[in-house]
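Both complexes shown next keep chain A, but they swap its partner, so chain B is in the first and chain C is in the second.
So, the complex of A and B:
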C-alpha cells in the first residue's frame, strides 16, 4: 500500500473527472474526516486516514481491501474504474441517465442502453460523456458513456444505442470471483 | 432370576456370538405389537404374532441356519399386516384405550429388513414404538428389557431413518430427551424460512418491503426483536438477483445470524474486529449499526471466501472496513485494542444440518475435537485483542452454528478459566440458557447467561451465542502457555474416555490402538506448538496430523 505517484494520480483523476468533473475536490476535502487515495496491488482505494493508518500494521500479502475500491491500473498503465466505486460516482455524477424498468434487467446483464429503454437524460449531455445510469426509482445501476448527445437522442430510432455499457451492478453476481 | 437375565441381555447386545442359550428362560407366549399411528397412513395397524418358546431361543442363539426361517417369517408378518390394514379401523380404535405391553422381536429380526433396504415407513413406526415405550418405561416395557437396550435400538433406527452417522446421533442424544431429539431431527429435515436483512445504510425496511412486494414477493416483518429483518414466504423472482439485491438494499441472511451482531451491540465510532467474517453477512450488519463510522476490521483467513466478503462489503456500501487475511490466532500481534470483537468461530456446523445435508455423514469426533481446539485458541486471541479499558466496550461475542457442548460451553468455560473475563447477558430474550452441567462435566454457573438457539423451538438455525466482558489487561502469557499444555493433555484424555464409551457398540481393537497413537501424537503436538510461535509451522503440523 502506498500513495499514488504523480503520473498515476494524473491518469486516475483524468478518468474520474470524466464522470464527476470537479467534484473530485469534494472527495478530497471532506468536512467529516481526512480521506485519501491509496494504491494497493494495482488497485486504488479511497479510505479515511484513520483506517489507512491501521492498515499499515498488516503486511502487504495479508491486506485484502480497505475502504472503497475505485478501480485498478491495467498492465498497460491505463486506469479502469470498477463498479465498486459506484456509490461515490452516483453521489457526485454530473451527467445522468435514467432507464425504464423494462430495460433495467437488460442493462444489468451487460447490454447497452437503447433508445427504447431511455427514461430520462440530463440536459445538454455531450457525446461520449461518462454518465451514471439510474433506474427510474433512482437506484444507481452502473455507468457508461453516451453514444449520442442529448440533442441527437431525440431523433434516434428506438433500436439505436443511446449509452454504451461500461459497468453495472450485475457484476457482483457475474464476476464476483474475478473482481478481487 | 430376573437380574441374571438382564445381564445376559446386555451381553447379547454387545457380543452376540458368545451368548449361550438360556434354556430355563421363561418364554413369552404371545407377542402383541401395537403400531402407533403413522403420518402417511391414516389407519392404525394392529399386528398379532404368535411365537413358540423354541423360536424365541433360536433368535437369541443367532444361528445362521435360522436366517432363512426368519426371512420367511418376516414375509409372513408382512402379509398379516397387510390383511390387518384391510380389516377396518374399528377394532383398532378400541385397542388404543387399553394399555398394552409392546413386545419387540429380538435384535436379529429387527436388523433384518434394514439390511435388505430400509423400509422407511417401518423404521418410522419402530421409532414411534420405542418412543412410546420410553415415555413410560416402567409400564410399557417388555419383560426385563433394559432401557439401554431400547435406547440403543432407537439410536440405530434414528440414524438409519434420518441418515446420520452414529456419532452425531449419539452427540445429539446427549443433549436432548428422546422426544425432543426426534423433534430436533425432524426440524433438521425441513428448510428454515428465507430471511433477508435490510441494509439500513441504503434504505429503510418499509421502503424495501414495498419495492419487493411490487416485484411479487410475499413477505412479512421477521419478528418483534428485529427491526431490519423480513421473512419471505414465496417469491416470483430470484431474491439473489433482483436489482435491489445488486444495489445492496438487502442481504440474504439466516435469522439466527442476526443474533450475534445484536448481542455485540456495536456503537458508532468504535473499533470493532470481526474475526472470521466471510461471507460478510454479520460484518455488513455491524457496519450498518455503526453507520459507517469508526473502524471495522474484517478478517478471514480463507483466500477464496475473502472475495465474496469484499464484494459484499462493496455492494452494501460499507466504507469503514479494513479487510485482512490473517489467521485469527495472529490477532493481538497484528492489531489489537479493539472496543468489541465478534468471534463467529469456525465449527462443525451441527446446528445447520438443514442447510447442508452432507454434515450428517461427514462429521466425526475428530472434527469436533479439531474445531474445539481451534476455537479455544481463537477465543483467547479474541479476548487478548480487546481493550479492557475501552470507555464504551470491552466486549467479546462468541458464536457458533453448532449445538455440541464441546464447541460451545466448553470453550467459554475454558476462556473463563484462562482470562479475566466474565459472562454478561446477551440481550437476547428467547432461546435456551447455556448449560452449566453436562453429564460428568460442570461448567461455570454464569454460563446460563449464554444463549442456545434450537431449530425445533424457534425455527431458526441451531446457534450458540455468548457475550463476555473483559475485566482487566494483566495476564502472564508464559504461565498461560504452560497451563495450556497441561490442560490440553487432560482434555485429550477425557475425550479418549468419551470415545471409549461411544465405541462400545462397534468394538474394534484397531481403534483402541489408534487411540493410543493419537494420544501420543497429541501430546507431541502440544509441546511442539508451544515451542513454535510461528503460525505457518502450526498449520503444517496440523496438516501432517490429518494425513496420518
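So, the complex of A and C:
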C-alpha cells in the first residue's frame, strides 16, 4: 500500500473525470473525515485516514483489501474503473442514463443498452461520454459510455445501441472469484 | 635411364593420343582440364555410363600427355617435373585477415609520412670493446652495467644508481601504459567516443562544462552499466569502484502520511486535467436551449443566440 505518484494520479483522475468531472474535488475534500487514495497491488482504494493508518500495520503480502476499490491499473499503465466504485460514481455522476424495467435484466447480464430499453438520458450528453446507468427507480445498475449523443438518440431505431456496457452490478455474481 | 628416348619412341606410336580434337582448357598447376564442348547430347544419352568413362579416359590421357611434355629432372625416386603456377582462381576458404589496428605512433607516423629506417641489429660497445645487440638482454652500451658514474657536475640525485633504476622503471611503466592505451583505443574506441559525446552533450545541456576528470568519471559510470546485467557480472579492474545502480523510485511515506499536502497535490493535478477537458461553452446545450425557446415563444433568433451562448454549461440537468 502506498500513495499514488503524480503520474498515476493523473491517469486515474483522467478516467474518473470522464464520469464525475470536477466532482472528484468532493471526494478529496469531505466535511466528515479526511479521505485519500491508496495504491495496493495495482488497485486503487478510496480510504478514510483512520482505516488507512490501521492498514499500515498489516504487511503488504497479507493485506487483502482496504476501503473501497475504485479500479486497477492495467499492465500497460491504463486505469480501469471497477464496479465497486459505483457507489461514488452514482453519487456524483454528471451524465446519467435510465433504463426501462424490461431492459434491466439484459443490462445486468452484460449487454449494451439498446434504444428500446432507454428510459431517460441526461440532456445534451455528448457521444462516447462516460455515463452511470440507473433503473427507473433510480437504483444505480452500472456504468458505460454513450454510443450516440442525446441529439442523435432521438432519431435512432429501437434495435440500435445507445450506451455501451462497461460494468454492471451483475458482476458481483458473475465475476465473484476474480473481483477481489 | 634416359626417359626422353623412351618418350620419343612412344611419340612415334601415337597410341596414347585419343581420337578427338584437343580443345580442352588446361590448368596444369592444379592438374585439371576443363572440357566444355565434346558432348553430342543424343548419342551421349544412349549410353551415359560408358560415354562418361570414355570421355574421362580420353581427357585424362590428354592431361597426362601435357604433363609429359614438361621437361623433367631425373632424381633418385624417378623423373620429377615442376608444375607451373595454377591459373584457375579459386575463392579463398577463410576471410581476408583484418588489418591490425594502428598504434598511436603508427597513426602519427603515417600522417606525417615518417618511414621506418633500417637499423643494424648489432652495435659496437666501446666499454666492452665488442659488438653487442642494440636491445634486449646483455645489450651493448647498457648504462645499467656501468659500475662507476663520472660526476661531471650534473648529478643532482643522492644515489645516481638508484635514480637510473627508477628512471628505467618509469620508462617501462610508461611503455606498458601506452600499450594498454593502444589496445583500448583499438577495441572500444568507437564506444568510448560515442559515450564521450553523449556525456558532453548532457553536460552542455545542463549548462555545465565538466573537467576532464569529471567527464571520465561520468563516462566510467555509464560504461559500467552498459551491459545486459548492468555490469553485475563484469570482470572488475583492480580498485574499481562499485557499480551504483540508479536510485529506486521514492514514494511518499506510507506510515507517516502528510494527507493535507497529498490532497493539495491531488487537487492541483485535477485542476490541470479539468483545464484540458472542460470546454467553457457547451455548444450542444446552448443550441438545444435556443431551439426550445424558439418553440416556446416567437423571439427573434439573433438576440436569443447571444443570450444562450453566454450561459455557462455543465449544470447537471436530469431531464430529457
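Simple rule for what comes next: the second predicted complex is superposed on the first by the 180 of 180 C-alpha atoms of A that agree within 3 Å, B and C clash if a C-alpha of one lies under 4 Å from a C-alpha of the other, contacts with A are read in each partner's own complex, and residues count from 1 in each chain.
Simple rule for what comes next: contacts are C-beta pairs under 8 Å (C-beta built on N, C-alpha and C of every residue); 3 or more make two chains touch, one makes a residue touch a chain.
Treat the numbers as computed from the prediction; the structure is a model and nothing was measured.
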Fit or clash - chain C, chain B, common chain A: fit
Partner chain in contact with A:63 - chain B first, chain C second, else both or neither: first
Geometry of the superposed three-chain model: angle at chain A (Cα centres of chain B and chain C, steps of 10 degrees): 110
Which superposed partner A:120 touches (first chain B, second chain C, both, neither): second
Partner chain in contact with A:160 - chain B first, chain C second, else both or neither: neither
Touched partner set for A:10, first chain B, second chain C, both or neither: second
Smallest separation of CA atoms, chain C relative to chain B, angstrom: 15
Doubly contacted residues of chain A, that is, touched by chain B and again by chain C: none
Touching residues on chain C, where the partner in the complex is chain A: 249, 251-252, 254-255, 257, 259, 262-263, 265-267, 269-270, 272-274, 277-278, 282, 284-285, 288, 313-314, 316-320
Residue ranges of chain A in contact with chain C within the complex: 1-3, 5-6, 9-10, 13-14, 17, 21-22, 24-25, 28-29, 34, 36-37, 49, 52, 56, 94-96, 120-124, 126, 149-151
In the complex with chain A, residue positions of chain B that touch it: 211, 240-241, 243-244, 246-249, 295, 297, 306-311, 313-315, 317, 319-326, 334-335
Chain B partner contacts - residues on chain A that touch it in the complex: 48, 50-51, 54-55, 57-58, 61-69, 83-84, 87, 104-105, 108, 135, 137, 139-141, 169-170, 172-173, 176-177, 179-180
